[in-house]
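Working notes, beginning with the structure itself.
Labels A, B, C and D are assigned to the chains in the order they are written; within every chain, residues are numbered from 1.
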Amino acid sequence: MTDEAKIVVRPITLADKDEWKFLWRRYLSFYSTIRDDALYEHTFARLLDPAYPGMFAYVAQTQGHLIGLVNCIVHDHGWYQEKVVYLQDLYVDESARGKGTGRLLIEQVYAQADRLGMASVYWTTQTNNHTAMKLYDKVARKTDFIKYQR
Amino acid sequence: MTDEAKIVVRPITLADKDEWKFLWRRYLSFYSTIRDDALYEHTFARLLDPAYPGMFAYVAQTQGHLIGLVNCIVHDHGWYQEKVVYLQDLYVDESARGKGTGRLLIEQVYAQADRLGMASVYWTTQTNNHTAMKLYDKVARKTDFIKYQR
Amino acid sequence: MTDEAKIVVRPITLADKDEWKFLWRRYLSFYSTIRDDALYEHTFARLLDPAYPGMFAYVAQTQGHLIGLVNCIVHDHGWYQEKVVYLQDLYVDESARGKGTGRLLIEQVYAQADRLGMASVYWTTQTNNHTAMKLYDKVARKTDFIKYQR
Amino acid sequence: MTDEAKIVVRPITLADKDEWKFLWRRYLSFYSTIRDDALYEHTFARLLDPAYPGMFAYVAQTQGHLIGLVNCIVHDHGWYQEKVVYLQDLYVDESARGKGTGRLLIEQVYAQADRLGMASVYWTTQTNNHTAMKLYDKVARKTDFIKYQR
(Lines give C-alpha, C1' and ligand atoms only; values in the text may rest on other atoms or scores of the structure.)
Protein backbone atom coordinates (compact mmCIF):
# COMPACT_ATOMS: atom_id res chain seq x y z
CA MET A 1 0.00 0.00 0.00
CA THR A 2 3.02 2.26 -0.60
CA ASP A 3 1.25 4.62 -2.96
CA GLU A 4 -1.93 4.71 -0.95
CA ALA A 5 -3.09 7.19 1.61
CA LYS A 6 -3.19 5.71 5.10
CA ILE A 7 -6.55 4.38 6.32
CA VAL A 8 -7.36 5.15 9.95
CA VAL A 9 -10.09 3.36 11.87
CA ARG A 10 -11.30 5.21 14.97
CA PRO A 11 -14.39 5.69 17.20
CA ILE A 12 -17.17 7.80 15.74
CA THR A 13 -17.34 11.51 16.72
CA LEU A 14 -19.97 14.21 16.43
CA ALA A 15 -18.10 15.77 13.50
CA ASP A 16 -18.67 12.57 11.48
CA LYS A 17 -22.45 12.93 11.41
CA ASP A 18 -22.96 14.12 7.83
CA GLU A 19 -20.50 11.71 6.26
CA TRP A 20 -21.71 8.83 8.47
CA LYS A 21 -25.28 9.54 7.35
CA PHE A 22 -24.18 9.57 3.72
CA LEU A 23 -22.43 6.20 4.01
CA TRP A 24 -25.08 4.52 6.14
CA ARG A 25 -27.77 5.62 3.62
CA ARG A 26 -25.79 3.81 0.92
CA TYR A 27 -25.53 0.74 3.12
CA LEU A 28 -29.26 0.69 3.87
CA SER A 29 -30.09 1.16 0.19
CA PHE A 30 -28.10 -2.03 -0.52
CA TYR A 31 -30.81 -3.74 1.55
CA SER A 32 -33.55 -1.70 -0.15
CA THR A 33 -34.21 -0.01 3.16
CA ILE A 34 -35.22 3.63 3.60
CA ARG A 35 -35.38 5.43 6.95
CA ASP A 36 -36.46 8.94 7.86
CA ASP A 37 -34.08 11.50 9.30
CA ALA A 38 -35.39 11.03 12.84
CA LEU A 39 -34.14 7.43 12.77
CA TYR A 40 -30.74 8.54 11.47
CA GLU A 41 -30.51 11.05 14.31
CA HIS A 42 -31.64 8.56 16.94
CA THR A 43 -29.23 5.85 15.83
CA PHE A 44 -26.32 8.27 15.47
CA ALA A 45 -26.96 9.54 19.00
CA ARG A 46 -27.00 6.01 20.41
CA LEU A 47 -23.75 5.15 18.60
CA LEU A 48 -22.04 8.37 19.68
CA ASP A 49 -22.90 8.33 23.39
CA PRO A 50 -20.10 6.50 25.25
CA ALA A 51 -22.47 6.03 28.20
CA TYR A 52 -25.15 4.28 26.11
CA PRO A 53 -24.64 0.58 26.79
CA GLY A 54 -26.42 -0.92 23.78
CA MET A 55 -24.50 0.41 20.75
CA PHE A 56 -21.11 1.65 19.52
CA ALA A 57 -19.50 2.45 16.17
CA TYR A 58 -16.20 2.88 14.39
CA VAL A 59 -15.44 4.72 11.16
CA ALA A 60 -12.67 4.38 8.58
CA GLN A 61 -11.10 7.57 7.31
CA THR A 62 -8.57 8.45 4.65
CA GLN A 63 -7.43 11.82 3.30
CA GLY A 64 -9.87 13.61 5.58
CA HIS A 65 -12.99 11.71 4.48
CA LEU A 66 -14.96 8.73 5.78
CA ILE A 67 -14.87 5.67 3.54
CA GLY A 68 -16.38 3.07 5.87
CA LEU A 69 -18.35 2.38 9.02
CA VAL A 70 -19.28 -0.39 11.40
CA ASN A 71 -22.28 -0.17 13.75
CA CYS A 72 -22.42 -2.61 16.66
CA ILE A 73 -25.00 -3.79 19.18
CA VAL A 74 -24.11 -4.98 22.67
CA HIS A 75 -26.61 -7.36 24.23
CA ASP A 76 -27.17 -10.05 26.85
CA HIS A 77 -26.63 -13.71 26.07
CA GLY A 78 -28.13 -16.37 28.30
CA TRP A 79 -25.21 -18.75 27.86
CA TYR A 80 -22.66 -16.26 29.25
CA GLN A 81 -22.23 -13.98 32.23
CA GLU A 82 -20.71 -11.44 29.81
CA LYS A 83 -22.53 -9.67 27.05
CA VAL A 84 -21.85 -10.20 23.34
CA VAL A 85 -21.26 -7.91 20.35
CA TYR A 86 -23.52 -8.13 17.32
CA LEU A 87 -21.67 -6.49 14.43
CA GLN A 88 -24.82 -5.26 12.72
CA ASP A 89 -23.77 -2.97 9.85
CA LEU A 90 -20.47 -3.03 7.98
CA TYR A 91 -19.97 -0.77 4.99
CA VAL A 92 -17.08 0.39 2.83
CA ASP A 93 -17.79 2.85 0.07
CA GLU A 94 -17.59 1.28 -3.38
CA SER A 95 -14.95 3.72 -4.55
CA ALA A 96 -12.65 2.64 -1.69
CA ARG A 97 -12.92 -1.14 -1.86
CA GLY A 98 -10.12 -3.64 -2.24
CA LYS A 99 -7.84 -1.88 0.23
CA GLY A 100 -8.57 -3.98 3.29
CA THR A 101 -10.84 -1.42 5.00
CA GLY A 102 -13.53 -3.98 5.84
CA ARG A 103 -10.98 -6.14 7.57
CA LEU A 104 -9.60 -3.17 9.53
CA LEU A 105 -13.10 -2.31 10.75
CA ILE A 106 -13.80 -5.88 11.88
CA GLU A 107 -10.45 -6.07 13.65
CA GLN A 108 -11.20 -2.85 15.50
CA VAL A 109 -14.50 -4.33 16.67
CA TYR A 110 -12.64 -7.44 17.85
CA ALA A 111 -10.21 -5.26 19.81
CA GLN A 112 -13.02 -3.29 21.41
CA ALA A 113 -14.92 -6.49 22.26
CA ASP A 114 -11.81 -7.78 24.00
CA ARG A 115 -11.37 -4.53 25.94
CA LEU A 116 -15.01 -4.75 27.08
CA GLY A 117 -14.67 -8.43 28.02
CA MET A 118 -17.37 -9.52 25.62
CA ALA A 119 -18.05 -13.28 25.29
CA SER A 120 -18.43 -13.25 21.52
CA VAL A 121 -18.59 -11.21 18.32
CA TYR A 122 -20.99 -12.33 15.61
CA TRP A 123 -22.92 -11.10 12.58
CA THR A 124 -25.08 -12.43 9.78
CA THR A 125 -24.81 -12.10 6.02
CA GLN A 126 -26.87 -13.12 3.04
CA THR A 127 -25.81 -16.44 1.55
CA ASN A 128 -25.45 -14.82 -1.89
CA ASN A 129 -23.09 -12.06 -0.73
CA HIS A 130 -19.99 -13.80 -2.05
CA THR A 131 -17.80 -10.70 -1.97
CA ALA A 132 -18.38 -10.21 1.73
CA MET A 133 -18.05 -13.90 2.55
CA LYS A 134 -14.61 -14.08 0.99
CA LEU A 135 -13.49 -11.65 3.69
CA TYR A 136 -15.57 -13.19 6.47
CA ASP A 137 -14.16 -16.67 5.80
CA LYS A 138 -10.72 -15.23 6.58
CA VAL A 139 -11.53 -13.48 9.86
CA ALA A 140 -14.36 -15.54 11.36
CA ARG A 141 -16.06 -18.91 11.34
CA LYS A 142 -19.16 -19.49 9.23
CA THR A 143 -21.75 -21.34 11.30
CA ASP A 144 -24.68 -23.34 9.96
CA PHE A 145 -27.22 -21.16 11.78
CA ILE A 146 -29.77 -19.50 9.52
CA LYS A 147 -32.02 -16.65 10.62
CA TYR A 148 -35.81 -16.83 10.97
CA GLN A 149 -37.90 -13.71 11.41
CA ARG A 150 -41.54 -12.90 12.11
CA MET B 1 -56.40 -33.02 22.12
CA THR B 2 -59.49 -34.22 24.00
CA ASP B 3 -57.64 -36.84 26.04
CA GLU B 4 -54.70 -34.58 26.75
CA ALA B 5 -54.00 -32.48 29.78
CA LYS B 6 -54.12 -28.76 29.04
CA ILE B 7 -50.81 -27.03 28.31
CA VAL B 8 -50.40 -23.60 29.88
CA VAL B 9 -47.72 -21.13 28.76
CA ARG B 10 -46.94 -18.43 31.34
CA PRO B 11 -44.12 -16.14 32.53
CA ILE B 12 -41.38 -17.79 34.55
CA THR B 13 -41.57 -17.61 38.37
CA LEU B 14 -39.11 -18.27 41.18
CA ALA B 15 -40.81 -21.60 41.92
CA ASP B 16 -39.84 -22.84 38.45
CA LYS B 17 -36.11 -22.70 39.14
CA ASP B 18 -35.35 -26.40 39.59
CA GLU B 19 -37.48 -27.59 36.69
CA TRP B 20 -36.27 -24.75 34.46
CA LYS B 21 -32.67 -25.70 35.24
CA PHE B 22 -33.43 -29.33 34.41
CA LEU B 23 -34.96 -28.47 31.03
CA TRP B 24 -32.39 -25.85 30.10
CA ARG B 25 -29.58 -28.32 30.90
CA ARG B 26 -31.15 -30.71 28.39
CA TYR B 27 -31.39 -27.93 25.82
CA LEU B 28 -27.76 -26.92 26.26
CA SER B 29 -26.63 -30.55 26.03
CA PHE B 30 -28.32 -30.70 22.60
CA TYR B 31 -25.70 -28.11 21.60
CA SER B 32 -22.96 -30.01 23.48
CA THR B 33 -22.74 -27.09 25.89
CA ILE B 34 -22.03 -27.38 29.61
CA ARG B 35 -22.31 -24.49 32.09
CA ASP B 36 -21.58 -24.27 35.80
CA ASP B 37 -24.27 -23.58 38.36
CA ALA B 38 -23.25 -19.93 38.75
CA LEU B 39 -24.23 -19.34 35.14
CA TYR B 40 -27.56 -21.09 35.63
CA GLU B 41 -28.24 -18.88 38.65
CA HIS B 42 -27.19 -15.70 36.86
CA THR B 43 -29.27 -16.38 33.77
CA PHE B 44 -32.31 -17.47 35.80
CA ALA B 45 -32.09 -14.26 37.81
CA ARG B 46 -31.92 -12.12 34.67
CA LEU B 47 -34.92 -13.94 33.16
CA LEU B 48 -36.95 -13.71 36.36
CA ASP B 49 -36.43 -10.02 37.16
CA PRO B 50 -39.26 -8.01 35.52
CA ALA B 51 -37.12 -4.86 35.88
CA TYR B 52 -34.15 -6.34 34.00
CA PRO B 53 -34.43 -4.92 30.48
CA GLY B 54 -32.30 -7.41 28.56
CA MET B 55 -34.04 -10.77 29.04
CA PHE B 56 -37.37 -12.49 29.71
CA ALA B 57 -38.72 -16.05 29.64
CA TYR B 58 -41.86 -18.14 29.39
CA VAL B 59 -42.45 -21.72 30.44
CA ALA B 60 -44.95 -24.37 29.34
CA GLN B 61 -46.61 -26.41 32.05
CA THR B 62 -48.94 -29.38 32.12
CA GLN B 63 -50.17 -31.50 35.03
CA GLY B 64 -48.09 -29.48 37.44
CA HIS B 65 -44.76 -29.91 35.64
CA LEU B 66 -42.73 -27.85 33.21
CA ILE B 67 -42.39 -29.39 29.74
CA GLY B 68 -40.92 -26.45 27.82
CA LEU B 69 -39.19 -23.09 27.99
CA VAL B 70 -38.30 -20.10 25.86
CA ASN B 71 -35.54 -17.64 26.84
CA CYS B 72 -35.49 -14.27 25.08
CA ILE B 73 -33.07 -11.38 24.69
CA VAL B 74 -34.20 -7.78 24.17
CA HIS B 75 -31.68 -5.56 22.41
CA ASP B 76 -31.15 -2.41 20.38
CA HIS B 77 -31.36 -2.41 16.59
CA GLY B 78 -29.87 0.44 14.59
CA TRP B 79 -32.56 0.30 11.93
CA TYR B 80 -35.41 0.94 14.41
CA GLN B 81 -36.26 3.31 17.21
CA GLU B 82 -37.74 0.30 19.04
CA LYS B 83 -35.82 -2.63 20.36
CA VAL B 84 -36.12 -6.18 19.01
CA VAL B 85 -36.60 -9.62 20.57
CA TYR B 86 -34.05 -12.36 19.93
CA LEU B 87 -35.74 -15.67 20.78
CA GLN B 88 -32.56 -17.36 21.91
CA ASP B 89 -33.49 -20.71 23.44
CA LEU B 90 -36.61 -22.79 22.70
CA TYR B 91 -36.97 -26.22 24.23
CA VAL B 92 -39.74 -28.77 24.65
CA ASP B 93 -38.93 -31.94 26.54
CA GLU B 94 -38.72 -34.97 24.27
CA SER B 95 -41.41 -36.83 26.19
CA ALA B 96 -43.89 -34.00 25.51
CA ARG B 97 -43.33 -33.33 21.81
CA GLY B 98 -45.90 -33.39 19.04
CA LYS B 99 -48.52 -31.53 21.07
CA GLY B 100 -47.94 -28.02 19.74
CA THR B 101 -46.01 -26.76 22.77
CA GLY B 102 -43.23 -25.18 20.69
CA ARG B 103 -45.78 -23.21 18.73
CA LEU B 104 -47.53 -22.05 21.90
CA LEU B 105 -44.23 -20.80 23.31
CA ILE B 106 -43.38 -18.87 20.14
CA GLU B 107 -46.85 -17.36 20.01
CA GLN B 108 -46.51 -16.18 23.60
CA VAL B 109 -43.22 -14.47 22.68
CA TYR B 110 -44.96 -12.80 19.73
CA ALA B 111 -47.71 -11.54 22.04
CA GLN B 112 -45.20 -10.20 24.56
CA ALA B 113 -43.17 -8.54 21.78
CA ASP B 114 -46.34 -6.80 20.60
CA ARG B 115 -47.18 -5.64 24.12
CA LEU B 116 -43.65 -4.21 24.48
CA GLY B 117 -43.81 -2.52 21.06
CA MET B 118 -40.82 -4.44 19.73
CA ALA B 119 -39.85 -3.90 16.08
CA SER B 120 -39.13 -7.55 15.36
CA VAL B 121 -38.83 -11.09 16.70
CA TYR B 122 -36.11 -13.31 15.26
CA TRP B 123 -34.01 -16.38 16.00
CA THR B 124 -31.52 -18.68 14.32
CA THR B 125 -31.48 -22.42 13.82
CA GLN B 126 -29.09 -24.96 12.39
CA THR B 127 -29.78 -25.77 8.76
CA ASN B 128 -29.97 -29.49 9.55
CA ASN B 129 -32.62 -29.14 12.27
CA HIS B 130 -35.46 -30.24 10.02
CA THR B 131 -37.85 -31.02 12.87
CA ALA B 132 -37.62 -27.47 14.19
CA MET B 133 -37.77 -25.90 10.73
CA LYS B 134 -41.06 -27.63 9.92
CA LEU B 135 -42.56 -25.61 12.78
CA TYR B 136 -40.63 -22.42 12.03
CA ASP B 137 -41.71 -22.41 8.38
CA LYS B 138 -45.33 -22.22 9.64
CA VAL B 139 -44.93 -19.35 12.09
CA ALA B 140 -42.10 -17.25 10.65
CA ARG B 141 -40.14 -16.42 7.52
CA LYS B 142 -36.85 -18.11 6.80
CA THR B 143 -34.32 -15.51 5.67
CA ASP B 144 -31.13 -16.16 3.71
CA PHE B 145 -28.93 -14.67 6.43
CA ILE B 146 -26.32 -17.04 7.82
CA LYS B 147 -24.39 -16.44 11.02
CA TYR B 148 -20.64 -15.78 11.26
CA GLN B 149 -18.83 -15.86 14.58
CA ARG B 150 -15.36 -15.12 15.86
CA MET C 1 -46.23 -53.03 11.25
CA THR C 2 -48.28 -56.03 12.42
CA ASP C 3 -51.64 -54.61 11.38
CA GLU C 4 -50.34 -53.26 8.09
CA ALA C 5 -50.47 -54.79 4.66
CA LYS C 6 -47.04 -55.72 3.38
CA ILE C 7 -45.28 -53.22 1.10
CA VAL C 8 -43.44 -54.74 -1.84
CA VAL C 9 -40.85 -52.80 -3.87
CA ARG C 10 -40.19 -54.27 -7.32
CA PRO C 11 -39.09 -53.27 -10.86
CA ILE C 12 -41.69 -51.48 -12.94
CA THR C 13 -43.78 -53.54 -15.41
CA LEU C 14 -46.02 -52.68 -18.34
CA ALA C 15 -49.11 -53.36 -16.22
CA ASP C 16 -48.12 -50.48 -13.89
CA LYS C 17 -48.51 -47.82 -16.57
CA ASP C 18 -51.79 -46.24 -15.49
CA GLU C 19 -51.00 -46.19 -11.79
CA TRP C 20 -47.43 -45.04 -12.42
CA LYS C 21 -48.75 -42.15 -14.54
CA PHE C 22 -51.19 -41.23 -11.77
CA LEU C 23 -48.47 -41.12 -9.11
CA TRP C 24 -45.86 -39.40 -11.28
CA ARG C 25 -48.41 -36.70 -12.19
CA ARG C 26 -48.84 -36.02 -8.47
CA TYR C 27 -45.08 -35.88 -8.03
CA LEU C 28 -44.62 -33.43 -10.92
CA SER C 29 -47.45 -31.26 -9.65
CA PHE C 30 -45.52 -30.91 -6.35
CA TYR C 31 -42.92 -29.13 -8.48
CA SER C 32 -45.64 -27.19 -10.36
CA THR C 33 -44.67 -29.10 -13.50
CA ILE C 34 -47.10 -30.24 -16.21
CA ARG C 35 -46.17 -32.58 -19.05
CA ASP C 36 -48.22 -33.84 -22.01
CA ASP C 37 -49.09 -37.49 -22.47
CA ALA C 38 -46.38 -38.03 -25.11
CA LEU C 39 -43.74 -37.27 -22.48
CA TYR C 40 -45.36 -39.67 -20.00
CA GLU C 41 -45.32 -42.39 -22.67
CA HIS C 42 -41.73 -41.67 -23.67
CA THR C 43 -40.41 -41.67 -20.12
CA PHE C 44 -42.39 -44.76 -19.15
CA ALA C 45 -40.98 -46.61 -22.16
CA ARG C 46 -37.42 -45.61 -21.25
CA LEU C 47 -37.92 -46.76 -17.65
CA LEU C 48 -39.56 -50.04 -18.68
CA ASP C 49 -37.05 -51.20 -21.32
CA PRO C 50 -34.39 -53.33 -19.59
CA ALA C 51 -32.11 -52.78 -22.60
CA TYR C 52 -32.29 -48.97 -22.35
CA PRO C 53 -29.07 -47.96 -20.60
CA GLY C 54 -30.01 -44.50 -19.37
CA MET C 55 -32.98 -45.06 -17.02
CA PHE C 56 -34.67 -47.55 -14.68
CA ALA C 57 -37.47 -47.50 -12.12
CA TYR C 58 -38.94 -49.27 -9.12
CA VAL C 59 -42.45 -49.12 -7.72
CA ALA C 60 -43.88 -49.77 -4.25
CA GLN C 61 -47.07 -51.78 -4.06
CA THR C 62 -49.47 -52.77 -1.30
CA GLN C 63 -52.85 -54.51 -1.45
CA GLY C 64 -52.69 -54.62 -5.22
CA HIS C 65 -52.07 -50.90 -5.76
CA LEU C 66 -49.03 -48.71 -6.34
CA ILE C 67 -48.26 -46.27 -3.53
CA GLY C 68 -44.81 -45.09 -4.57
CA LEU C 69 -42.21 -44.84 -7.33
CA VAL C 70 -38.58 -44.04 -7.91
CA ASN C 71 -37.22 -43.05 -11.36
CA CYS C 72 -33.46 -43.24 -11.88
CA ILE C 73 -30.95 -42.00 -14.44
CA VAL C 74 -27.69 -43.81 -15.21
CA HIS C 75 -24.92 -41.62 -16.59
CA ASP C 76 -21.17 -41.24 -17.11
CA HIS C 77 -18.98 -39.58 -14.52
CA GLY C 78 -15.54 -38.32 -15.48
CA TRP C 79 -14.02 -39.19 -12.11
CA TYR C 80 -14.88 -42.90 -12.40
CA GLN C 81 -14.55 -45.71 -14.90
CA GLU C 82 -18.03 -46.83 -13.78
CA LYS C 83 -21.25 -44.95 -14.32
CA VAL C 84 -23.34 -43.41 -11.51
CA VAL C 85 -27.02 -43.45 -10.57
CA TYR C 86 -28.94 -40.19 -10.27
CA LEU C 87 -32.06 -40.91 -8.22
CA GLN C 88 -34.17 -38.31 -9.98
CA ASP C 89 -37.77 -38.75 -8.80
CA LEU C 90 -38.93 -40.27 -5.50
CA TYR C 91 -42.60 -40.21 -4.60
CA VAL C 92 -44.86 -41.86 -2.04
CA ASP C 93 -48.56 -41.10 -2.19
CA GLU C 94 -49.68 -38.86 0.65
CA SER C 95 -52.25 -41.40 1.87
CA ALA C 96 -49.48 -43.99 2.35
CA ARG C 97 -46.80 -41.96 4.11
CA GLY C 98 -45.15 -42.71 7.43
CA LYS C 99 -44.77 -46.44 6.73
CA GLY C 100 -41.15 -46.43 5.54
CA THR C 101 -41.95 -46.72 1.82
CA GLY C 102 -39.54 -43.96 0.79
CA ARG C 103 -36.71 -45.69 2.58
CA LEU C 104 -37.58 -49.04 0.97
CA LEU C 105 -37.48 -47.42 -2.48
CA ILE C 106 -34.08 -45.82 -1.84
CA GLU C 107 -32.69 -49.09 -0.49
CA GLN C 108 -33.84 -50.90 -3.61
CA VAL C 109 -32.02 -48.32 -5.75
CA TYR C 110 -28.89 -48.85 -3.64
CA ALA C 111 -29.14 -52.62 -4.17
CA GLN C 112 -29.60 -52.22 -7.92
CA ALA C 113 -26.68 -49.75 -8.12
CA ASP C 114 -24.50 -52.32 -6.36
CA ARG C 115 -25.59 -55.08 -8.74
CA LEU C 116 -24.74 -52.81 -11.70
CA GLY C 117 -21.37 -51.85 -10.20
CA MET C 118 -22.21 -48.16 -10.13
CA ALA C 119 -19.66 -45.77 -8.57
CA SER C 120 -22.22 -43.67 -6.71
CA VAL C 121 -25.89 -42.92 -6.04
CA TYR C 122 -26.92 -39.32 -5.58
CA TRP C 123 -29.89 -36.97 -5.77
CA THR C 124 -30.83 -33.39 -4.97
CA THR C 125 -33.58 -31.92 -2.85
CA GLN C 126 -34.87 -28.46 -2.05
CA THR C 127 -33.38 -27.00 1.11
CA ASN C 128 -36.87 -26.36 2.51
CA ASN C 129 -38.09 -29.95 2.09
CA HIS C 130 -37.58 -30.82 5.74
CA THR C 131 -39.81 -33.89 5.66
CA ALA C 132 -37.73 -35.49 2.93
CA MET C 133 -34.43 -34.44 4.49
CA LYS C 134 -35.25 -36.16 7.77
CA LEU C 135 -35.26 -39.42 5.79
CA TYR C 136 -32.30 -38.51 3.60
CA ASP C 137 -30.12 -37.65 6.61
CA LYS C 138 -30.60 -41.25 7.78
CA VAL C 139 -29.73 -43.04 4.54
CA ALA C 140 -27.25 -40.72 2.82
CA ARG C 141 -24.81 -37.87 3.33
CA LYS C 142 -25.83 -34.29 2.73
CA THR C 143 -23.13 -32.52 0.74
CA ASP C 144 -22.61 -28.77 0.50
CA PHE C 145 -23.04 -28.77 -3.28
CA ILE C 146 -25.84 -26.54 -4.55
CA LYS C 147 -27.27 -26.70 -8.05
CA TYR C 148 -26.98 -23.97 -10.68
CA GLN C 149 -29.04 -24.06 -13.87
CA ARG C 150 -29.24 -22.08 -17.07
CA MET D 1 -8.07 -6.65 -22.92
CA THR D 2 -5.95 -4.69 -25.37
CA ASP D 3 -2.62 -5.83 -23.97
CA GLU D 4 -3.72 -9.39 -23.50
CA ALA D 5 -3.16 -12.37 -25.74
CA LYS D 6 -6.39 -13.64 -27.24
CA ILE D 7 -8.10 -16.56 -25.45
CA VAL D 8 -9.57 -19.21 -27.73
CA VAL D 9 -12.09 -21.79 -26.53
CA ARG D 10 -12.34 -24.87 -28.78
CA PRO D 11 -13.19 -28.61 -28.67
CA ILE D 12 -10.55 -30.84 -27.15
CA THR D 13 -8.12 -32.64 -29.50
CA LEU D 14 -5.70 -35.53 -29.10
CA ALA D 15 -2.76 -33.09 -29.04
CA ASP D 16 -4.17 -31.55 -25.82
CA LYS D 17 -3.72 -34.72 -23.78
CA ASP D 18 -0.68 -33.78 -21.70
CA GLU D 19 -1.78 -30.24 -20.93
CA TRP D 20 -5.36 -31.38 -20.27
CA LYS D 21 -4.04 -33.99 -17.81
CA PHE D 22 -1.94 -31.34 -16.10
CA LEU D 23 -4.88 -28.97 -15.65
CA TRP D 24 -7.39 -31.64 -14.69
CA ARG D 25 -4.98 -32.96 -12.03
CA ARG D 26 -4.92 -29.48 -10.53
CA TYR D 27 -8.72 -29.33 -10.62
CA LEU D 28 -9.08 -32.73 -8.92
CA SER D 29 -6.54 -31.78 -6.28
CA PHE D 30 -8.75 -28.78 -5.38
CA TYR D 31 -11.29 -31.45 -4.35
CA SER D 32 -8.55 -33.52 -2.64
CA THR D 33 -9.11 -36.20 -5.27
CA ILE D 34 -6.38 -38.40 -6.75
CA ARG D 35 -6.88 -40.73 -9.73
CA ASP D 36 -4.51 -43.17 -11.43
CA ASP D 37 -3.35 -42.73 -15.00
CA ALA D 38 -5.76 -45.37 -16.33
CA LEU D 39 -8.67 -43.17 -15.24
CA TYR D 40 -7.11 -40.10 -16.89
CA GLU D 41 -6.73 -42.09 -20.12
CA HIS D 42 -10.27 -43.49 -19.97
CA THR D 43 -11.88 -40.12 -19.30
CA PHE D 44 -9.77 -38.34 -21.92
CA ALA D 45 -10.79 -40.97 -24.49
CA ARG D 46 -14.49 -40.54 -23.65
CA LEU D 47 -14.20 -36.76 -23.93
CA LEU D 48 -12.26 -36.91 -27.19
CA ASP D 49 -14.45 -39.37 -29.11
CA PRO D 50 -17.09 -37.39 -31.04
CA ALA D 51 -19.13 -40.60 -31.37
CA TYR D 52 -19.25 -41.22 -27.59
CA PRO D 53 -22.68 -39.96 -26.53
CA GLY D 54 -22.08 -39.48 -22.81
CA MET D 55 -19.30 -36.87 -22.59
CA PHE D 56 -17.65 -33.92 -24.33
CA ALA D 57 -15.09 -31.25 -23.47
CA TYR D 58 -13.77 -27.82 -24.41
CA VAL D 59 -10.42 -26.25 -23.65
CA ALA D 60 -9.25 -22.63 -23.39
CA GLN D 61 -5.96 -21.78 -25.05
CA THR D 62 -3.77 -18.70 -25.17
CA GLN D 63 -0.28 -18.20 -26.61
CA GLY D 64 -0.09 -21.86 -27.56
CA HIS D 65 -0.91 -23.26 -24.10
CA LEU D 66 -4.04 -24.54 -22.37
CA ILE D 67 -5.22 -22.41 -19.45
CA GLY D 68 -8.64 -23.93 -18.84
CA LEU D 69 -10.99 -26.85 -19.44
CA VAL D 70 -14.61 -27.86 -19.10
CA ASN D 71 -15.72 -31.52 -19.01
CA CYS D 72 -19.40 -32.25 -19.64
CA ILE D 73 -21.76 -35.19 -19.20
CA VAL D 74 -24.80 -35.77 -21.43
CA HIS D 75 -27.59 -37.79 -19.84
CA ASP D 76 -31.28 -38.64 -19.92
CA HIS D 77 -33.82 -36.65 -17.93
CA GLY D 78 -37.24 -38.11 -17.21
CA TRP D 79 -38.97 -34.75 -17.45
CA TYR D 80 -37.84 -34.12 -21.05
CA GLN D 81 -37.74 -35.95 -24.35
CA GLU D 82 -34.31 -34.36 -24.90
CA LYS D 83 -31.21 -35.09 -22.92
CA VAL D 84 -29.48 -32.56 -20.62
CA VAL D 85 -25.90 -31.38 -20.13
CA TYR D 86 -24.25 -31.69 -16.74
CA LEU D 87 -21.25 -29.34 -16.71
CA GLN D 88 -19.19 -31.47 -14.37
CA ASP D 89 -15.69 -29.96 -14.22
CA LEU D 90 -14.71 -26.35 -14.88
CA TYR D 91 -11.17 -25.21 -14.30
CA VAL D 92 -9.04 -22.20 -15.15
CA ASP D 93 -5.41 -22.25 -14.11
CA GLU D 94 -4.68 -19.92 -11.22
CA SER D 95 -2.07 -17.98 -13.19
CA ALA D 96 -4.69 -17.14 -15.84
CA ARG D 97 -7.65 -16.06 -13.73
CA GLY D 98 -9.51 -12.78 -13.88
CA LYS D 99 -9.58 -12.66 -17.69
CA GLY D 100 -13.07 -14.08 -18.25
CA THR D 101 -11.91 -17.56 -19.28
CA GLY D 102 -14.42 -19.36 -17.04
CA ARG D 103 -17.26 -17.42 -18.59
CA LEU D 104 -16.01 -18.18 -22.11
CA LEU D 105 -15.93 -21.89 -21.29
CA ILE D 106 -19.48 -21.88 -19.89
CA GLU D 107 -20.75 -19.93 -22.90
CA GLN D 108 -19.19 -22.47 -25.25
CA VAL D 109 -21.02 -25.25 -23.37
CA TYR D 110 -24.26 -23.30 -23.70
CA ALA D 111 -23.70 -22.95 -27.45
CA GLN D 112 -22.96 -26.66 -27.83
CA ALA D 113 -26.01 -27.60 -25.73
CA ASP D 114 -28.14 -25.47 -28.04
CA ARG D 115 -26.67 -27.08 -31.14
CA LEU D 116 -27.41 -30.53 -29.68
CA GLY D 117 -30.96 -29.53 -28.70
CA MET D 118 -30.38 -30.22 -25.01
CA ALA D 119 -33.21 -29.41 -22.59
CA SER D 120 -30.98 -27.91 -19.92
CA VAL D 121 -27.44 -27.16 -18.73
CA TYR D 122 -26.72 -27.46 -15.02
CA TRP D 123 -23.91 -27.97 -12.53
CA THR D 124 -23.27 -27.95 -8.79
CA THR D 125 -20.82 -26.03 -6.65
CA GLN D 126 -19.86 -25.94 -3.00
CA THR D 127 -21.68 -23.31 -1.02
CA ASN D 128 -18.37 -21.86 0.21
CA ASN D 129 -16.89 -21.39 -3.27
CA HIS D 130 -17.60 -17.67 -3.37
CA THR D 131 -15.19 -16.91 -6.18
CA ALA D 132 -16.95 -19.33 -8.51
CA MET D 133 -20.42 -18.27 -7.42
CA LYS D 134 -19.74 -14.63 -8.31
CA LEU D 135 -19.38 -15.82 -11.91
CA TYR D 136 -22.21 -18.37 -11.77
CA ASP D 137 -24.67 -15.79 -10.44
CA LYS D 138 -24.06 -13.79 -13.64
CA VAL D 139 -24.53 -16.59 -16.18
CA ALA D 140 -27.01 -18.96 -14.52
CA ARG D 141 -29.67 -19.27 -11.86
CA LYS D 142 -28.84 -20.59 -8.40
CA THR D 143 -31.49 -23.11 -7.36
CA ASP D 144 -32.24 -24.23 -3.80
CA PHE D 145 -31.49 -27.87 -4.59
CA ILE D 146 -28.74 -29.41 -2.46
CA LYS D 147 -27.01 -32.67 -3.26
CA TYR D 148 -27.26 -35.88 -1.21
CA GLN D 149 -24.95 -38.81 -1.82
CA ARG D 150 -24.57 -42.37 -0.58
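In this text, a residue touches a chain if its C-beta (ideal position, glycine included) is under 8 Å from a C-beta of that chain, and two chains touch if they have at least 3 such contacts.
Labels paired with UniProt names: A, B, C, D = GNAT family N-acetyltransferase.
Computed from a predicted structure; not experimentally measured.
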Same or different contact residues where chain D meets its copy chain A, judged by the half mark: same
Centre-of-Cα separation between chain B and chain A, whole angstrom: 28
Whole-Å gap separating chain A and chain D, where each centre is the average of the chain's CA atoms: 39
Centre-to-centre distance between chain C and chain A (centres being mean Cα positions), rounded to whole Å: 48
Set of chain D residues in contact with two or more other chains: 127-128, 142
Category of the chain touch graph - line, ring, star, complete, other: ring
Residues of chain C that touch chain B when the two form their complex: 127-128, 130-131, 133-134, 137, 142
Chain A - residues contacting chain B, complex: 28, 33, 35, 38-39, 42-43, 46-47, 54-55, 71, 73-81, 86, 88-89, 110, 113, 120-128, 136, 139-150
